[in-house]
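You will see two complexes here that share subunit A, one where it goes with subunit B and one where it goes with subunit C.
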Partner chain A sequence: MIDPYYLQQLAIGLSQGVIYALMAIGFTLIFGVLNVVNFAHGEVYTLGAFVGLLFITAFAPPFLVVLFVVLAAGAAMGVGLERIAFKPFRRFSDEASLKSRAMRESTLMSSLAVSIVAREGLEFAFGSQMQTLPFDYLINKPIELGPVTIVTGDVIIFAVAAIMLGGLQYMLTRTRAGLAIRAVSANPLGAKYVGIDTDRTIITTFALGSMMGAGAGILVGLYYGAIFPAMGFVPGIKAFVAMVMGGLSSIPGAVVCALLLGLSEGLATTFISSNWADMVAYGFLIVTLIFFPQGLFGAGRERV
Partner chain B sequence: MSDFARKGWIGKILVLLLVFGLVPAALAFAGKGYFFQVANLVLIFALLAASLHLVTGAAGLLHLGHAAFYGIGAYVAALMGTDLKLGFIWGLPAAGLVAAAFAFVVALPTMRLVSIYFAVATLAIGQMINTVLLNWVAVTKGPNGVMLFSGINLFGFALKAPLAVYFVVAVLVSLSIFVLHRLSHSYYGNALRSLREDDQCADAMGVNTVRLKIEVFTISAFFAGVAGALWAYTTGYVSPNDFGFSTSILILAMIVVGGLGSLPGAIIGAVVLILLPELLRGLGDLRNVMVGLVMFFSILFMPKGLFGEVSALSLVRRGFGLKWGAAPSNREVGWQ
Partner chain C sequence: MTLTRHPLTRRTLVGLALAAPLATALAGTALAADPIRIGYQLPLTGNTAQYGQDFKTAAEIALARFNASGRLPVKVEIVFEDSRSDAKEGVTIARKFVDDPAIVGVLGDFTSGVSMASAQVYKEAGMPQLSQSASHPDYAKISEWQFRNITTQAGEGPYNAAWMLKKGIRKVALVGEQTDWGQTSVKYFADAFEAGGGKVVLTEYFNRGLPDFRALLTKIQRAKPDAVYTAFFYEDAANFIKQMKQLGINIPIYSTSAAHNQKVIELAGADAEGLSLTTNFMPSSPKPEVKDFVAEWVKVRGAEPGQFPAQAFDAVNIMLDAIVKSYPNVTRAKVRDALAATKDFPGVTGTTTFGPDREPVKQLMKVRIVNGVFTPIGE
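Coming up: the complex of A and B.
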């Protein structure tokens, strides 16, 4: 029989991994379509948490309403982000410039600049300390489950993530919008030639990805009871790591790697202090890059 | 135009006059320690941006962990100064060499990666080094940082006056930037640019790309380490927070705002991004927002930066005279 302590750590790691997965999907969707890294994704997560917080303190609505409002806000943020930081740099639509380095670098820097403005703006408005949350909304009431104690947040996060992932998978494979996203990510120019509105598809992708990021933000905020302007940085990097490990353009790969990261961090904290647990993620990343440069689940890429 | 002006000497002399004459005079006139600190900071970040320019601007490798090597240099200098009682004379070269050695070891496995994979690898390396600085309490004192009281001691002369410290920093930074300038504006620099434009083609032409990448990464880390030592000795305090991801991004922003691929651009970018928050001090906490906005609008409206590579190279080409031949100067050189 396994020591219940390890089961406990596994449960913690799993819910952490699910959060990383929600973030990683947004990264991967956007990377798949535009071939660029969206550095502002962590700030979408933070902003999602803050929108939820403001909404809770203003109206005190039920939990599900908060979640839906945050998701809607996340979608709006995605659209806005695309308009501000990505659209102005997509002046040309031929394939060479869509995949070109100049575009990639400039959007990378512009999303970074937007993320700095968002984070510093939040710090200016709210201060850098943690915000206080109404106690009723925290999702950390314990549930005894045999030898393991989990909290309601674990269940909620897991359920929400499962619904979102299932919905996304359904959308990507069964609906016209999802097919358009996959077409654009496979071949932007070809998609344009067969009559797909690439601009709209890209906006849809941003809305979807940011929705998941913002949802993850408010869930984590309520789970830990900690909402502060810099909260998006570490999950953002972990999600980035998961995306690279999963092979950059594979959503299932990113999800599996995110879960793997969460679990290994959860287990690592039993052996080493939690300060060093971050090393596990970075170590994984380096090892993956050196030995499996295409990612663990990536399709064959030309060069890495 | 006379030969003298054509070789770009006027600009260089003006810059040297500014750094060694005008600024110290103004500083001595103002006489406040705070201004000296800002001036030293500008110089140190100019060196950091110039060293990153070699990797990211010239060789086209997106490096997201530069601050970590800067941090290694600062910690080596500070720890040698406090624990081993070895002063500035030993600390400065040691800081550069240790950072370079680290970079060399790290570079061996990662330098075969290209584009975004390289960027991610350097990001992870930077974060790992920062985690070690933060958590290896036995050596680095952890989040408390290291205090360094000894000050700069040059061959028995203890330099206490802020003006003297400024001159030491200015001389060292100018020498380092001169070396970086020679590296980037020479046939070696052209080899680096060939790496950036098309590394497969460069490989086919007989350029040893992997070796070149390792070399340039190591050289750049050496100068980052030197900058770290200067930082440790001018502020007297190092803490892990100064060497995190945001510092790496700040340095990257400097070379992007100044003009990717141009050494003068990198230095101008450093000056702008360090002085701007100080000038905007009146805005209080909003000044960091302003930095982000400046970055955003400079990318949007000046994609080539304040002082782009084309103008920088044509300046140097004039300096080289006929040696570089009559290459058409209106050809686009840059990040394709």
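Coming up: the complex of A and C.
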């Protein structure tokens, strides 16, 4: 019989991991699969939470309505973000520009700029403190499972993450839109030559990925009851680490690594001190980069 | 040749346009008496902006009231500079303040770390510095120019230790944020608690802003303490308390004045019930100066102030009082001496007297959250 203490710690670690996975799915779709450097995903997450918060305080709608409004807002944000920070770098369609790494990677700066403006704007408008939330909306009612306590949010977040992962895998591998995304990510120029509307594909991917980011934001915000302008930073880093560990371009890989991260952080608190738990994530990142530059699951896969 | 026919070239025009407002500005200051200035370095943006914004509002209330009172024939101004709680920024601001001859005293910064970094500049230049919240024990020891208007953890820790020991608590788990402040708070408490016969069963530090305390909380539960003593600020406090109740752990929580903020109750709701802490400011106090300040604050912000704005309000008033005492011919050295001579200053956080070590002597109060209100208790 395992000590119930460890069961509880495993449950907590797993629930952390699912939260990281929720963030990592949308992040990996844009960054890894579409192969576009996007550092504004954390702010999409934060903005999603704020949209949800405003909607809740203004109309007090049922939970599912909040979620769908936030998803819609997230899709809109994705399109806007793409328009502001990414489209300008695709304005030249000659071959040299399309092949240029510099053109592609300059979005690192433009998306970072958008993220800083968004975060500071939120701080300016709302202040940097945590916002007060109506307690009825929080998804943290305890559920006892024998010696282990989880909360309602764990179940909801797990379900949403599973739906996202399954849906995305289906879409990417079985539908024409998914095929287009994979084609654009593999070779944007080639995709253009065979007649794929690359602009539209990129915008769709942004809408999809940002929708998931915003959804993750409101869910995690309601899970912890903590919505504030800097909330996207830490999950953004964790999602990034999970993505790199999973081999950059694999969504299932990122999810598995997110779970692994959560579990090891949970256990780290038991064996070392909690202020070193963050080091685990960064330690994993370094180890992956040195010993598994292709990710933990090896190279030679297709981007999905 | 066209140039000679038109003596008003574009360059002269631009020059004139630039000089005109400058000239009027110079004439303006020459006519009125030069205002006396105070520098205030505080975080107005970044992760700790909420504290800095509170200080700013408190300072504006205090200053408006002072200038309206006519205690001095000249106006006093406060120059606010945003340090973003960054030590490098703080030092840059300190140099700027030191270079402005009109500034006779400085308030801030928010964190001990930034206050102490800036203090080195003020020490070299001879500028009185009064922080409303730097509670690291070493801050006031830096030089004769550093003052503070907050009791240090060297006072609060043993006070809380005695309180908990008296309540029959023998085994305690310590949790603190991973900062200078958090570590010294835990250390001062632990020393006094163990000297008084108590036992520390677990000491844990966390990185400020940690969203998930559950792994840590489960570890605390396993150590089976009688109570948890915590050194954190209100946002971490709210998360900690909520997650503790979620996991069904019922261990009494004691904390420092840093967690005394209405926001704890707002963020944690019914879960905050029973949180015990010490403070030196009660917004519900019947004292007239407290009532006035709370009324003004509610007018601007719509909610009651916590301890930190009150500290800032008193700090500004103490500084203004020192300026009045050194008027006319206010110099930095005279303001310093006047600050050092502060005795029984009636503030909203109780009366303040600076000891020879430039530390304030203040009264602490014990409070507990009962029915959603910080309630003074006599234990």
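Basically, the second predicted complex is superposed on the first by the 284 of 304 C-alpha atoms of A that agree within 3 Å, B and C clash if a C-alpha of one lies under 4 Å from a C-alpha of the other, contacts with A are read in each partner's own complex, and residues count from 1 in each chain.
The rule is simple: contacts are C-beta pairs under 8 Å (C-beta built on N, C-alpha and C of every residue); 3 or more make two chains touch, one makes a residue touch a chain.
Predicted model only: the values in this text are computed from it and were never measured.
*Asks:* Judging by the criteria at the top, classify the pair subunit B and subunit C on subunit A as clash or fit.
*Replies:* Aligned through their shared chain, the two binders clash on subunit A.
*Asks:* Could you say whether A:Y20 touches subunit B, subunit C, both of them, or neither, answering first, second, both or neither?
*Replies:* Neither subunit B nor subunit C is touched by A:Y20.
*Asks:* Counting only touches as set out at the top, which of subunit B and subunit C does A:I12 meet: first, second, both, neither?
*Replies:* Only subunit C is touched by A:I12; subunit B is not.
*Asks:* Looking at A:V244, would you say it contacts subunit B, subunit C, both, or neither? Reply first, second, both or neither.
*Replies:* In the superposition, A:V244 touches subunit B alone.
*Asks:* Counting only touches as set out at the top, which of subunit B and subunit C does A:G225 meet: first, second, both, neither?
*Replies:* Only subunit C; A:G225 stays clear of subunit B.
*Asks:* On the A-aligned overlay, A:E120 touches which partner chain: subunit B = first, subunit C = second, or both, or neither?
*Replies:* both
*Asks:* After superposition on the shared chain, which partner residues are touched by A:N275: those of subunit B (first), subunit C (second), both, or neither?
*Replies:* both
*Asks:* Report for A:T132: first if it touches subunit B alone, second if subunit C alone, otherwise both or neither.
*Replies:* second
*Asks:* Name the residues of subunit A shared by its contacts with subunit B and its contacts with subunit C.
*Replies:* Overlap of subunit B and subunit C footprints on subunit A: residues 120, 123, 273, 275, 278.
*Asks:* Could you please specify the touching residues of subunit A with respect to subunit C in the complex?
*Replies:* It comes out as residues 5, 8-9, 12-13, 16, 120, 123, 127-130, 132-133, 135, 140, 142, 144, 149, 151, 224-226, 228, 230-231, 234, 265-266, 269-270, 273-275, 277-278.
*Asks:* What residues of subunit B sit close enough to touch subunit A in their complex?
*Replies:* These residues of subunit B touch subunit A: 60, 62, 109-110, 113-117, 120-121, 123-125, 127-128, 131-132, 134-135, 245, 249, 252-253, 256, 260, 285-286, 288-289, 291-293, 295-296, 299-300, 303, 334-336.
*Asks:* What residues on subunit A touch subunit B, complex-wise?
*Replies:* 37, 85, 88-89, 100-102, 104-106, 108-110, 112-117, 120-121, 123-124, 233, 237, 240-241, 244, 248, 273, 275-276, 278-279, 282-283, 285-286, 289-290, 293, 303-304
*Asks:* So in the complex, which bits of subunit C are touching subunit A?
*Replies:* 45-50, 53, 178, 204-207, 209-212, 214-216, 218-219, 222, 235, 238-239, 242, 246-248, 263, 266-267, 269-270
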